[in-house]
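By written order: A, B, C, D, E and F. Residues from 1 in each chain.
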Amino acid sequence: MQMAPMVEYADAPAEVKAVYDDIMTTRKTDWVNNFWKILANHPPTLARLWQDVKQVMGAGGALDPLVKEMLYIAVSVTNNCDYCIHSHTAGARAKGMTDEMFGELLAVVGLANQTNALANGYRIPVDPQFLPNGGAVIEPASLGELDFTDK
Amino acid sequence: MQMAPMVEYADAPAEVKAVYDDIMTTRKTDWVNNFWKILANHPPTLARLWQDVKQVMGAGGALDPLVKEMLYIAVSVTNNCDYCIHSHTAGARAKGMTDEMFGELLAVVGLANQTNALANGYRIPVDPQFLPNGGAVIEPASLGELDFTDK
Amino acid sequence: MQMAPMVEYADAPAEVKAVYDDIMTTRKTDWVNNFWKILANHPPTLARLWQDVKQVMGAGGALDPLVKEMLYIAVSVTNNCDYCIHSHTAGARAKGMTDEMFGELLAVVGLANQTNALANGYRIPVDPQFLPNGGAVIEPASLGELDFTDK
Amino acid sequence: MQMAPMVEYADAPAEVKAVYDDIMTTRKTDWVNNFWKILANHPPTLARLWQDVKQVMGAGGALDPLVKEMLYIAVSVTNNCDYCIHSHTAGARAKGMTDEMFGELLAVVGLANQTNALANGYRIPVDPQFLPNGGAVIEPASLGELDFTDK
Amino acid sequence: MQMAPMVEYADAPAEVKAVYDDIMTTRKTDWVNNFWKILANHPPTLARLWQDVKQVMGAGGALDPLVKEMLYIAVSVTNNCDYCIHSHTAGARAKGMTDEMFGELLAVVGLANQTNALANGYRIPVDPQFLPNGGAVIEPASLGELDFTDK
Amino acid sequence: MQMAPMVEYADAPAEVKAVYDDIMTTRKTDWVNNFWKILANHPPTLARLWQDVKQVMGAGGALDPLVKEMLYIAVSVTNNCDYCIHSHTAGARAKGMTDEMFGELLAVVGLANQTNALANGYRIPVDPQFLPNGGAVIEPASLGELDFTDK
């Protein structure tokens, strides 16, 4: 059961209303989802998280917004976060994720969890070819025409 | 320290050599990375995992191979798998991931781990708008023009 | 709520029906559990996972099938996977796991999660006696008559 | 780097020496591994954990001590605990775990981590057949001749 | 669904009743919560865990009991344990945790999960200034007047 | 190995220098730790995270800064983040955490990880007494004189 009450718009203090307004304006919607209505119990966290989300998930960066939603799903599945799996899958659907893409996404997430366990279990040492050059950008040429690695 | 010895090509039984050959042919490389050389201690696992990787990570699906590598990194960071972070970051670099893309990828992974904890900690109930319709494909229209959700 | 619909036998494409048939034949049952009916939304994942499970969990290996089920439960509890805890506990019960065995299994899983946290928190260095010899098989004699270790 | 110094026998207070003595007597060895020498920085935790380990991991229960060691490894791999993977693999080796058994163990752990992610990602509902009867012992007959389940 | 039945006081064997009595006496309550009633299916685990809890969570140590409850919540949120989040939040509330404190607690837990992912993802090496001196107590003076670190 | 180079002050762009300056001013130190020097590869993440840390970890809230550092350690140990365990333990030491307090902290973290696994493994249902009243503040009186709960 939820650990704090929903803070509805009508009952919200001004600082919370301001964040709600910005959420709805930014998203072009007329509602605010539960995540924000519960974070609003601690207004500084509400304001901070909304700024985080606007900065990280918005358009205009090097990654496509749909790719970011899928990365979010990959993390949320690995952590088994019910709310986040639902909200970000809805978000990815709204941005164009098809059934086929969702199926492939979960296949990758499942496989990665499997090989993570095998690599950790065998304590496999990293190949020198995979090491960044002194922390600098790795030299792709040294990997040949890798279609895919590790894996 | 690694929990099993590397199985080098020269010393490998025929079933292992066959997998190594297919790895090198598929990837157009002349070397096999440590993951496979240690899995080779249990040949059925070696053969099975290679088939898994070929099927899931190869080209031709609905997701771009670079996106799949980045999803792999997102899971591996969340699970803190040293080997997999290195190998799949090298793989993503080889497929075109720039410094900027890597920076954004880790920003999303960090943010997702933060909001996963907040959503789990507050036990936030899923909004009806995010629920798939009886398990069927969600209706994107019901989400309005969401630029991004939850998040 | 489930993220994809159940694919029932009557509505399934031929490639899915073939997997369902093999599941029922292999298990000598007349039903297919939800895991497969939802994986069937992505037929290549359905087929691949069923091959994985047949290979890994079947009889004839060095580990008893009941031991494998209990290992599966140990992982599933640690990851807090509701579906997997239920399905593999049912599977282990069907193979002979008693209440007493289940109680001991969870006691070990609880203790291991406790000592994992303590060992990680104190960053305890591995004793040389526990290191595999160059990745080769460890020499049991060097451990004396250990009744149990680490721990 | 380790977060606290090793407490060596010669320098240990009497309450710590008493635990060390019991560890060596119980295990029939003449040394104490690092886990205990670092826990000894907090003597009540040292004494409590040693009692936990003696009770849970000792012989005489419904599970074979080697099975318990393998369950411990399964948890430790899933949590990526370097110290515990090494110490319990050494312990399992000393109790008879072969290379083949270790390979199968890690194959199960890898597979379970994969299906955990898939079951969590798809939010798969538990089949009624897998539900314990009111929390009582499940009726194995209702599962038919399951060779293995979920999975 | 719960995996074992509740063991009610009236039906409990003597060894279980003795633990229940001690729980109620220690806590000055007239009821026993579900955690213990289900652990009672394996009496040695019930008795052991109750001793663990009494030793670790009781008053009289260097940490305030409320701080310990909050640490417990931090771990339980990170592991997404529904039962433990509820029970320890109730426990912390009973010891004086306010809404504001709970909000700050979850803000720290969320932030820590974010920076853990970033530090693991970038594989950031530990600064020499943060290393304990040979495992001995770190010299705070070397950190200057740090208001807060890492972070 | 670190996945990106350190950005040293002398080579940093102005926006990064501004953050470094604020870090050193706020902390009254003359150095910047590696976490920030590597985040500086993605300046928006550097600036955002520093604002996060200043807001969440600074003084003036309802929780003592030392308590916040200990909560940070509890999460970092559970996630096995090497960098964060070291940096926040150093930070807690600088704020007054004694050996005894650190020992108790890890004892709580270990115990919580154990009971999380047991509660998740048995799928223990939450007692009605622990449920928040409709998401509102729980009524402590209903818990009697609990010295500590769950547990």
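Heads up, the rule we're going with is that a residue touches a chain if its C-beta (ideal position, glycine included) is under 8 Å from a C-beta of that chain, and two chains touch if they have at least 3 such contacts.
If you're wondering where the values come from, they're calculated on a predicted model, not measured in any experiment.
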- Item | Result of counting contacting C-beta pairs for B-F and A-F, higher pair | A-F
- Note on the structure: Of all chains, the one whose CA centroid lies most distant from that of subunit D is A
- For the two copies subunit B and subunit E, what is the rotation angle that overlays their Cα atoms, in steps of 5 degrees? 180
- Between subunit C and subunit E, the Cα-mean centres are separated in Å by 28
- Task: List the centre-to-centre spacing of subunit A and subunit D in whole Å, with centres computed as mean CA coordinates.
- Result: 33
- Query: Between subunit B and subunit C, what's the gap in Å when you average each chain's C-alpha atoms?
  - Reply: 20
- Message: Multi-chain contacts only, two chains or more: what residues does subunit C have there?
- Response: 1-4, 44-45, 48-49, 52, 56, 75, 78-82, 85-86, 89, 99-100, 104, 106-107, 109-118, 120-123, 126, 131-132
- Touching residues (chain side subunit B, partner subunit D) in the complex: 1, 3-4, 41-42, 44-45, 48-49, 75, 79-81
- Item | Of all residues in subunit C, those that touch subunit E in their complex | 80, 85-86, 89, 99-100, 102-104, 106-107, 110, 117
- Item | Contacting residues of subunit C [partner subunit F, same complex] | 73, 77-78, 80, 82, 85-86, 106, 109-118, 120-123
- Query: Across the complex, what residues on subunit A touch subunit F?
  - Reply: 1-6, 44, 48, 51-52, 55-56, 126, 131-132, 134-136
- Query: What residues on subunit F touch subunit E, complex-wise?
  - Reply: 1-4, 26-31, 33-35, 38-39, 45, 49, 52-53, 56-59, 61-63, 65, 67-72, 74-76, 78-79, 81-84, 86-91, 93-95, 98-101, 104-105, 107-109, 111-116, 118-127, 129-132, 137-138, 140, 143-151
